[in-house]
Amino acid sequence: MIIMKTDATEEQIAQVITEIKKYGLRADISKGAFRTVIGIIGDETEVDFARLALLPGVKEAMRIETPYKLISREYSKLIEGENEHRVIKVGNIEIGGDNPVFIAGPCAVESKEQLLRIAEGVKKAGAHILRGGIFKPRSSVHSFQGLGAGGQEKAEEALDWLREAGRKFELPVITEIRGESQVDLVAEYTDILQIGARNMYDQDLLTKVAKKGKPVLFKRHFGAGIEEFLSFAEYMVAEGNKDIILCERGIIPIGKGKNYTRYTLDLAAIPAIQKETYLPILADPSHATGRRDLILNMSCAAIAAGASGLMIEVHYNPAEALVDGQQMITPDELKDVIDACQKISKLIVPMRNKK
Amino acid sequence: MIIMKTDATEEQIAQVITEIKKYGLRADISKGAFRTVIGIIGDETEVDFARLALLPGVKEAMRIETPYKLISREYSKLIEGENEHRVIKVGNIEIGGDNPVFIAGPCAVESKEQLLRIAEGVKKAGAHILRGGIFKPRSSVHSFQGLGAGGQEKAEEALDWLREAGRKFELPVITEIRGESQVDLVAEYTDILQIGARNMYDQDLLTKVAKKGKPVLFKRHFGAGIEEFLSFAEYMVAEGNKDIILCERGIIPIGKGKNYTRYTLDLAAIPAIQKETYLPILADPSHATGRRDLILNMSCAAIAAGASGLMIEVHYNPAEALVDGQQMITPDELKDVIDACQKISKLIVPMRNKK
Amino acid sequence: MIIMKTDATEEQIAQVITEIKKYGLRADISKGAFRTVIGIIGDETEVDFARLALLPGVKEAMRIETPYKLISREYSKLIEGENEHRVIKVGNIEIGGDNPVFIAGPCAVESKEQLLRIAEGVKKAGAHILRGGIFKPRSSVHSFQGLGAGGQEKAEEALDWLREAGRKFELPVITEIRGESQVDLVAEYTDILQIGARNMYDQDLLTKVAKKGKPVLFKRHFGAGIEEFLSFAEYMVAEGNKDIILCERGIIPIGKGKNYTRYTLDLAAIPAIQKETYLPILADPSHATGRRDLILNMSCAAIAAGASGLMIEVHYNPAEALVDGQQMITPDELKDVIDACQKISKLIVPMRNKK
Amino acid sequence: MIIMKTDATEEQIAQVITEIKKYGLRADISKGAFRTVIGIIGDETEVDFARLALLPGVKEAMRIETPYKLISREYSKLIEGENEHRVIKVGNIEIGGDNPVFIAGPCAVESKEQLLRIAEGVKKAGAHILRGGIFKPRSSVHSFQGLGAGGQEKAEEALDWLREAGRKFELPVITEIRGESQVDLVAEYTDILQIGARNMYDQDLLTKVAKKGKPVLFKRHFGAGIEEFLSFAEYMVAEGNKDIILCERGIIPIGKGKNYTRYTLDLAAIPAIQKETYLPILADPSHATGRRDLILNMSCAAIAAGASGLMIEVHYNPAEALVDGQQMITPDELKDVIDACQKISKLIVPMRNKK
C-alpha cells in the first residue's frame, strides 16, 4: 500500500502506478477526502517497498500481508476516515445507509403473470427491490433449473418480464448469475447482479461479473469462514468495482439429529464483518432457515444485529411454487416483517452512527 | 402416552401408573386445565398400548417414538392448550414471561470485593439475576479452574459470598455445577443451578442436578444439534423437574481461516426451539462471540429472535479479569444493552403473544 | 427409468426416446450385457410412467426420486450386474481397475525446467499420470494464481510444457480448469480435465467440461456431504460422459483449537461412495492434510480404505515451491509411498473383488 | 518445566518440589533414562522461573504455555528420547507396541449367556480384550440405558459377568464409566476403565477415574478438535496416571443431505496425534461409521494410518441386539478383520519404527 502526501501531484501518482506495473501488478487508486492511497493488486512478494517510499509525493509505502486489503477498514480509514459505511445507490434506493433495504420476490420466476402479481404485492408491502431467479443453482440435475435452462430465448423472455415488472412497480431488479455465459445477458436486463452462495469460490465468475461495473450482491458460501468470504469479495473490488453488497445466508448446521433449520444463520457475522469492512451487508432469512414460520423473528434479529437490509422470498401462494415453497412468505406477511424491521432499525441505526 | 378422560378418577389414574410400573418404567403425570395426561419415561418397546387403552378412565393410549416428549408441544398442548409458555419463578423474577430477564456477573468469582462491586454494578444497570463462576470448566488443566478448585472450604467461602451478594442487592444467584460432587453443595447456596455447555451430554450429572428440584439453566453443547439439546433437557424433566431454562451459547464455527467470533451464535435455534417446547430459552452472547464489541448488537438480535432473556458476563475492569476478559463488558455498557433490549422486547413480545 | 425387454428392438428404443423428448426431457441410453435401460434426465414430475410402461418393448417404467440415478448402483446393476466397477482408460493407464493409480506432480507449474525435472522424478518413482496446476484457485487475489493468470499466451505455453513433459516421460497429463473460458484451451492439451473442490457446485462449468468427452477428475468440495458430491457428479454423467473419476480431498475440520491438519480426510467416504456408485474414487492426501509428514500414512490408509489411487503433490525442493510447499513430498518419498501402497493394494483388492 | 542436571540429587529434586508447592501448584516428576524433569501442574502465571533456575541441581527452568505439556513429545523427549511410544500393559497384552490390539465385544451387555457366547467368539477370532457396555450413554432418556440403569445390584451382576467372561477366555475386560458414582464400582471389576466420547469434557469425572491408577481408554468427543482432545487427556496425566489410551471414534459429519456414515472417522488425527504425544491411540470404526459393511475397510485403513489397535462391536446376531445392531459384526467377520489388519500392521509398523 502506498500512501501519497496530501499535496501529491497527478504526475507523482502516475509515476507510482508506472512503477507498480513494472512488477506485472495492478494498482487500485483511491482518492479520498484525506489523501490518495494506492493499493497493489496481486502478489507483493517481489515489490521493493523501500524503493517506492523514496518516490516523490510518497508519504509511506508498506507491504500488507492479508488476503483482503482493498475492502478493509485499515485501508478505508486512511482514505475516508474511521467510520465509513459505503452507501451503494441503485436508482433511488440506498443500500448501506440509514434505512434498511428490502429485496423481495419469488424464488424462481415461473411466468409473467406470477412475477407481476408478486411484484405488485411486494411493492405494496414496502419492498424496495424485486428479485426473481431465472438461472437456479440446484443440487440435482433432475430438478427444475429455472426458466433460463430452456435456452437463450426463454432466458431473455424471463429477464424481460423481470425488467418490465421492475419498471411497472418502480423497483430495481436483481437476479442470480450462475455461470460465465450468463454475465453479459443478465447485465443487460438487471440493476444488480447476484452471485449465489454456491458460486462464492468461483473466482473467474466473480472477476467477470465485477467488470460489468454494476452493483453485485455477493452471498457467503455455506461452508466459508468470514475471512474467506471477504477474501473473495476482494476479487471483485480488485477489478475496480466497489459496489459489492455482502449477504449472509446461513452456514452448514452442526450436530447430530434433526436440525430444524436448513442452515445456521450466522448473525454475529454481520457486526463482525462491519468491523472489518465498509461494504454493506444484508441477510437472507429465507434460505438460511428454510422455514416460513421463522422469517419474522429472524428478520427482526438480523436488523437488530445491524444488517443493512434483507433478501426475502415471497409468493402469493407458497404451496404451489415450483421451488422452495416451504420458505416463502406471502406479501401480507412481508408487510408485517418490513414494519417490524423498520421499527427495530430506528432503534439500532442511531447506536451504529453514534459509535 | 396415556390421555385420561376428563372425568377420570384418581383411582383410575393410579391404576394406569401401576400398570406402567409393572413394565419397570416410570410415569410422568400432568394434570392440566383440560385433562390428565400420563407420559411413560423409559423404553416403551415392550408396552402393550392396546391393553392400556382398555383400562377404565383412559381416553387414548399411544406409543410416541421421539427422543423428547415430556417437553414437547405435542404433549403440553394436550394439557395446557396450544400456546403454553412455561414461566419459571425465581424469587420475584419470572423467566419466560413478557419481560426479558438479564443474568449478569463476572465470568469467575475472584474475591468478595470483586463480586460485591460487580453485583452492585449489574443491579444498578437493571440486571435481575447474579452469576459468578466458582467451578470453572477449562480446556487446560494448567489454567485457573475457579476458586472451587481450592477445596471444599474455599468453595463454600466463595458460594457464601455469592449468596451474600445476592441478598444484599436483591438478586437471585446462579453458578455452574461441573461435577456430581458439587451438586449438594451448590444447591444449598444458589437459587438456580447451571449446567454448562461442556456437561450437556453428562446424563448422570443432569439427573442428579434435576432431582434437587431447583430451576436449572441448561446450556446447549457447542457440537449439539437442536434435537440432541432437547433430548438431554428431557433427562431432567423425566426426573419431575420442569423448571428447565434452556440457553443457546453458540456452536462450533465452520470454515477455514479466521472466524472472528469464538462460536457461532445460532439465533434461529431460539424460535425453532420455541416451536418444539414450552420451556423458556435464553441466549449467552458473551461466550458465543467472545468479543465485548459485539455484545450490544448480538443481545438486541437475540431478543429480537425471541429469547426470554440473556446471560452476560460483566466486570468493572475486564482487562484485569482472571478469565475471559476479552468478552466481558462493564456495568455501564450493560445498562445500554438492557435498555436497548427492553425496547426491542416491547416490539417483539406482543407479536409472540398474538400468535 | 425405463427398463426394456431383452429382445427390444432399436425401433422400440427409439420410440421411448421420442416419448421422453416430448416432455422436454433428455434420455440416457445404457446398453448393457443384460439389457437396455433408459434413464430420464431432468424433472420427471410431469412424466406419465404408466403410459410409458405400455409402449412396445418396455418391461418396466418407474419414477426415481433421487438426486443421482445415472451413476447409482441401482441403475448400473440393471445393466452391468451387481458388482460393476467402472474402469476408465487413459492411454495405457486404467483407473478403477485392480492396480492403484498414482497421479503426481507439482502443485503449480512454475517453469519448463521445474516441470520436466519433477516429471522425470515422479516417473522414476512409479507414478502413472502427471499433474501440474496452471490455473490455481486461491483464497486471495493477492496470491500467485498460476502461470495461466498471465494471459492466453502464457497459459498455452505452460500447457504446452505439460503436454511435452507428459509425452517425454510417457505420462498422461491432467490440470485443473477453474473457469468456463479455460475449458476449450485445456481440453486441447491434457488427457484428463480436473475440476477442483472449490468449483464442485459450479454446475455450468461441470456441464461444459463434461461435454468435452474426456475423462474428468472431480473433487469433493470441503463443505459438501456425500449425497451432494454424487449429485453434482450426476450433472456430468447427464451430459453422456461416464468417465468421471471422483476424488476425496478432505472436508472442513471441526472443533476448537489447533487442528493439526488442513482438512479432515474423510476416508470412510471412499467405501461408502463405492456402495452407491460404480465410478472410481481416488484420494488426495496432500491437500487433505497439508502436511508432508503425514502423506505416507494417509496414502496407505486411503488405499486400505479402498481408494483406486492417489493424487499427490511432488516437488524436488518443496521449500522453494511457489505454492503449498509444506505439503509436497520429494520424488524419493513418493517412491516409498507408491511401494507401500502397492503392497497394501495387493491385500485389499482381492477382498473387494471377492465380495 | 524444570530440567534437572544429570547428577542432581534426591534432595535437590525435593527442594524444587517444595518451591513449586509454595505456589499452591503440583509437580509431575519424570525420571527418565537421560535425566529427571519436573513439570508444573496448574497455572504457572505467578511462578518465578528465573529464581527456580538458580536452585542447586537445576539445569534449566522455563514456562510452557500450552494446554498440554505432560503428554507432549517436547516433554517426553527430554526424558526418554526422541521416539518414545508408550507401551501400556494390561495382563499379557501390550497396547502401543509392535502388534495391534483388538478390543471386541457387544455394544451392550444383555445377559450372561449373550456375553459368554460373544466372548468365546471374539477370543476365537483373535481379539485380545473384551468390551461390553453396562452404563450406556444414550441420546434419549426413553432408550435402553444398559443393565447398569437397573440399580446397584443389577450393575454389579453385569460387571461380575464381564469379569467372569474375561477370566474364562483369558481376556482383560473394559467397560464405560458414564458418571462419577460408577467409578469405584467399575474399577473393582474391570482391567481398563473407559471414558466415552460424550464425557470427554467432563473434567471432574476424568480426574476421579485417573486417580484409580488403572489404564484408561479415552475417546475423543465428536465435536472436539485434536488440541482439545489432548488437553483433556492431560487432566488425567496430571493425576499421575500415564496409562491413557486415546481413541478416535469419529467426529460430526459436515455437509447437507445424506451422510452415509454416522460420524466422520478422522484417521489423519492418528498420525497427527502421534507427532504430538507418546500415548498410544486406537480407532473405533463401529461407532464412527455406524455401518457393519464398512468395518473391514475402515479397520484396515485405521491400522494403515498407524493406529495401535481397534475397538470393534461384535454380536453373534446383530439383528437382535438391543443397541446399535446396524454397526455390529459377527465373530466370523471379526476374524477376517483381524487377519487383514495384522497383515497391514506388519507392513506399517516397521516404517514407524524406522523413523
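Per-chain residue numbering starts at 1, and chain names A, B, C and D are given in the order in which the chains are listed.
Operating definition for what follows: contacts are C-beta pairs under 8 Å (C-beta built on N, C-alpha and C of every residue); 3 or more make two chains touch, one makes a residue touch a chain.
Predicted model, so just to flag it, every value in this text is computed and none were measured.
Student: Between B-C, B-D or A-C, which repeats the contact pattern of A-D in over half of its pairs?
Tutor: B-C
Student: Find the chain most remote from subunit D, comparing centres computed as mean CA coordinates.
Tutor: It is A whose centre lies farthest from that of subunit D.
Student: Taking the mean of the C-alpha atoms as each chain's centre, how many Å separate subunit A from subunit C?
Tutor: Averaging C-alpha atoms per chain gives centres 33 Å apart.
Student: Report the inter-chain centroid distance for subunit A and subunit B in whole angstrom, where each centroid is the mean of the CA atoms.
Tutor: 38
Student: Give, as an integer number of Å, the spacing between the C-alpha centres of subunit C and subunit B.
Tutor: A distance of 48 Å separates the two centres.
Student: Do you know which subunit B residues sit against two or more other chains?
Tutor: 67, 139, 222-224, 228, 231, 252, 254-257
Student: Which of the residues in subunit D come into contact with subunit C in the complex?
Tutor: Listed in rising order, the residues are 67, 223-228, 231, 251-261, 264-273, 275-276, 288-289, 291, 293-294, 296-298, 300-306, 340, 343-344, 347-348, 351.
Student: Where on subunit A is subunit D touching in the complex?
Tutor: 139, 222-223, 252, 254-257
Student: Spell out the residues on subunit D that touch subunit B in their complex, using ranges where they run on.
Tutor: Going through subunit D, the ones touching subunit B are 24, 40-44, 67-69, 137-144, 150, 178-182, 198-199, 201-205, 208, 221-224, 228, 231-232, 234-235, 238, 252, 254.
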